[in-house]
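Shared between the two complexes below is subunit A, which pairs with subunit B and subunit C, respectively.
This part shows the complex of A and B:
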């Protein structure tokens, strides 16, 4: 089982001891990444509570763009299956959603259920380029002004013969509209405008938003954080109660400001490590372990490949169990949850560790 | 005049929510020094970082600030706090009455949710000055916030009531404004994005969103009254209203009852 301390190969016991020393001596440790299965995310919050650490996630920018808008204006959302089955008009905001697997499913099929069954699917791209047969809505001045213009047209506050006016007409004349966006790309203002646009569309037809948030397990972290702490992901346990503060517990900011003095990076689902990791004494639990990623590196199994685990399922927009793949999986890799559990256990036995 | 003198840079972020003239007035020297202000698991007491001199008056001077001093004057209900130096986030957040002055820089979310009193930042402010924190109903909510220097992005975001005067503000000043008045000598791109109601008075400005439409030049009694009101706080801001003004109405993407007065 691969483990390294300061770049040199080490056995598990040595690596765990070094990690415990590092975390136990810290005043303000941070636990970041959380790109892992539900059991590891749970263990991470448990450990954070024990050592008074704060928690941050890999996809926090997108997560907070989404949650910020949700907390202010609410959300009308749909699921991928509903959109593939029912939408006769799909508005894709920005360029990121085109990279998602869902886009291919939408392009490949016509609506098969509901009132729009059998009809053609209109594809509109705002701030990106539509594929063959779709309509590209120009957004030279950026996505935000274009979204605002579209909403102003839908509300009847503006009227002209621009492409945006045409798009507004096309959308309100459809039977089931889906608006796809990546919150990290369009930001909180963008998400809020999309949700407002969907609400306005619902005065005339059916419309739903569908966030496409690929590339991280934040959608798994949000419910775990909510049921564990009652809060969104970025909480700190320094004062023994979970305090939610998206600004204060931004791990990159904490490291840049010299506030964090130890970091635990968790990415059992492989993800690139942030550049701030090397600037603070750190421990990394990684699915694709590299010896020089942190002061202490422990290789862990990838959930859904080396061991079973509950992960966010983009296709179904739900948390689902992914079993281990094949019989030839490397059996000596511990799960991230097991390693975090051992860290917590050893820290509890270390007398000077508070909490 | 009670005084807290910073002896050394704090090793962690400090929470000054409970440090107000009123809360200190009933405490002995020792009790005040033992007030918990730390935010890490180690914890920190007021006396660990500050030399405390109390006289039970309603004026508190924090001599020597630091960017790690969070929530200075938050929920202040009266009296005066003067910080000679910098402060961290949420300066005067939720403040109801009193006077709060910072001679240095302030972190983000200054004056967030403040319903009354006056907050003056003589240096620069971070992002979201007078803006709402995550999940909060509103930003500045009735208080007066004056920033002599620059403010970051999202200044006055979701502000609901009160007056916000700023030298230069970054992008998205007055975004999603619910109501209130924001005057700035200069703002960045997309001022007033998503604003519902409220008034922005700006000197130089970046790109306006296409969802603001020019509604011509006006000679309104209200503008002269507003100028007189602003002159009491800042002559430079009142002078904006004496220049030729173009009025833009918006944001048409929302309720469209807001206005931007751009001084020519």
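This part shows the complex of A and C:
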């Protein structure tokens, strides 16, 4: 089992003891990353609740662009399979969504279900470039102004013969419009504008937004956080009551401000560790462990590869179970959930002795 | 361990029992008096002893419930955690739900709307609700796969096999249909739907889809009858939709969800509504194969969550506060619309009166089950207050006196003298729902029953009495004492024993792969996905 304490190889027991010392001495620890399967996410919240830590996620910038807009104005959304199967017009906002696997599925097929079945699919790119056959809508002044202009045209507040006016007309005349965006790219105001635009379109036709977020397990964390604490992921337990505060419990901010005095970084699904991890006493549970990533580093199995686990499934837009591949994990590679469980157990034992 | 709950007023309508006596418990079950000395004596003098409460329709898990928390972070208040569980006082969270039900003496709760596409997420969330046994109903009726089978006239066996496969894959406890065809129609431009309107692209109607599901549920011997959310929820004239749906069932067993929201007879000008409680109650009396739950409205802020996206889209302009979510999902999706039942408002007062009226006119409380359709009519935490109003005419009169005159003008509530007995409350909240779900060992205290027992201090203030039980046993183990949780144990998730047809599984795998890019494997709910043993098998009817 790969584990290191201050860069030196260690056995599991030594690494766990060092981690318990580090966490046990902390007054305001943060638990961050949570790029992991549902078992590990559950274990992380349980540990945070018991030690009074705060929680943050790998993809929080995008997650909170989405959640901020959601809690302000709501949303009107669809799913990947519905967009592939039904949309006769797809508006892609920004450039990030073109990199998602979903874009290839959209390009490959025509609508096959619902009232647009069999018709052509119009592709419109705003703030990015459309593939051949699609329409690129220029956004010289940025995505947000272009979105606002498009919305103004849809509401009839503007009338001209610009490409944006043409796009508005095309969308209004479609039977099922999908608007794809990456919240991390367009930000909270961008998401809010997209949702407003979609709601406006529904006075005339059916239209839905579809956020495309890749590269992290935040969309597994969000539901687990919601059912565990009643709130979105960024929660602090320092006062024995879950307090949701997206600004306060930004782990990077807490470390920069000197508020956090220890960190537990969890990335059993491999992800780059953040710069700030080295600035506080830290523990890292990693699927691709590197000796110098933190003061205490424990290598853990990758869910869906070394052991089974529930992960966010981008293709299905749902939590699904991923069994271990091949023979599964080497016997000495624990799951992140098991390590976090051990930490909680040892910390509980420690506080009992202390009392 | 042999225990006896001694000297309480034991109320078990299934045994015509309502007298002071003992309840003996061993190995997690109720037994006959064994003629041995007990290891433990629980003194219940001055108390009422009932089976644990059983909830048939409460939105306690799933995508809509999660969205509602994210849309309205301010809806619930969190308080400092008690000893033993870090999240039990986190308002609206799974642990809070379990603890709050348990404190009221409920020991089983069913989430009525589990979309098969999101079964695993829903089941994981349910499993995190402590203290209670729980279950979920598998929702069908808007999915393209089913609608294709019906459009292509594939026949009853194909539908039966697809329903069986969906129950087995999602590990449901029953089947529900929600405005069958409505979500599909909405995506294709429809904004309203009646029983015989054509669903675009399929040439079907709610009648045909629901009829096929009614047949499938009977053919599979699912204990719980098809759980039906009709068309036109909440609209004036919805009572006609209710009656038409009952007729369309043609004598087959059927359960109506949140009937209060359909007991709205249109006024002569067609704009307003008046109570149709009498019509609904009479229909239940005339149709022993039919059951309903109420969906009682209570005053205050709440959030409506429903897979009926057609209805939720139509209701978006009434959102209060003014924000809402409609997710046109893979079949139904979901709609989340915040709503304020205005205290003393004329509309909400009438809705409040109609729910009570249905229960007070009920010819058979076992078939008119208490729910608030949590959180749609209001939170389940209001059950004790509702029970109080049912049991105490004076209390009702005091509340009615503070409400607008419309309550007397458009409902018959003020003229009703009936007061529920404790036995009838037990029918409404215990034996009725347990029978409805086919849970033979729940909802009663006869030998063989699971030792899920609630002991309440007898108190004429029924609100106080039913809010905080003196003692609650789950499988014979005390989980609540004097209204506080004393043991954080986990219940089980009840799921039907259902074999899936191999040919249908193969065919569905290929359909799903084509549509979703991943096959049947990604829709399953395997034991390995859970951190602890979770499921308990419930047999089908013989």
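Points worth noting:
Definition applied: the second predicted complex is superposed on the first by the 348 of 355 C-alpha atoms of A that agree within 3 Å, B and C clash if a C-alpha of one lies under 4 Å from a C-alpha of the other, contacts with A are read in each partner's own complex, and residues count from 1 in each chain.
What we mean here is this: contacts are C-beta pairs under 8 Å (C-beta built on N, C-alpha and C of every residue); 3 or more make two chains touch, one makes a residue touch a chain.
A quick note: this is a predicted structure, and the numbers were derived from the prediction, not measured.
When both complexes are superposed on subunit A, subunit B and subunit C fit side by side without a clash. Of the two partner chains, neither subunit B nor subunit C is touched by A:268.
Once the two complexes are overlaid on the shared chain, A:223 sits against subunit C while remaining clear of subunit B.
In the overlay built on the shared chain, the residue A:149 is in contact with subunit B alone; subunit C does not reach it. After the superposition on chain A, the angle subunit B-subunit A-subunit C between C-alpha centres rounds to 90°, nearest 10. Shared-chain residue A:244: touches subunit B and subunit C both.
Note on subunit A: of its two partners subunit C and subunit B, the one contacting more of its residues is C. Shared-chain residue A:114: touches subunit C; no touch with subunit B. By the touch criterion stated above, A:71 is placed in contact with subunit B and with subunit C alike. Figure legend note: subunit B and subunit C, brought together by superposition on chain A, show a least Cα distance of 6 Å.
In the superposition on chain A, the residues of subunit A contacting both subunit B and subunit C are 67, 71-72, 232, 237, 239-240, 243-244.
By the touch criterion stated above, subunit A contacts subunit C in their complex at residues 38-39, 42, 45-46, 49-50, 67, 70-82, 85-86, 105, 113-115, 117, 175-176, 202, 205-206, 208, 222-224, 226-232, 237, 239-244, 308-310, 313, 315-316, 318-321, 323, 337. Subunit B contributes residues 11-13, 38-43, 67-68, 70, 89, 108-109, 133-135, 158, 172, 175-176, 190, 193-194, 207, 209-211, 251-254, 256 to its touches with subunit A in the complex. Subunit C makes touch with subunit A in their complex at residues 61, 63, 65-67, 69-73, 76, 78-81, 86-87, 89-96, 117-118, 120-121, 124-125, 128, 144, 184, 186-189, 200-201, 313, 319, 323-330, 333, 336, 515-518, 522-526, 528-529, 531.
Contacts from subunit A toward subunit B in the complex involve residues 27-28, 51-52, 64, 67-68, 71-72, 141, 144-145, 147-149, 151-152, 155, 157-158, 189, 192-193, 196, 232, 236-240, 243-248, 257, 259, 354-355.
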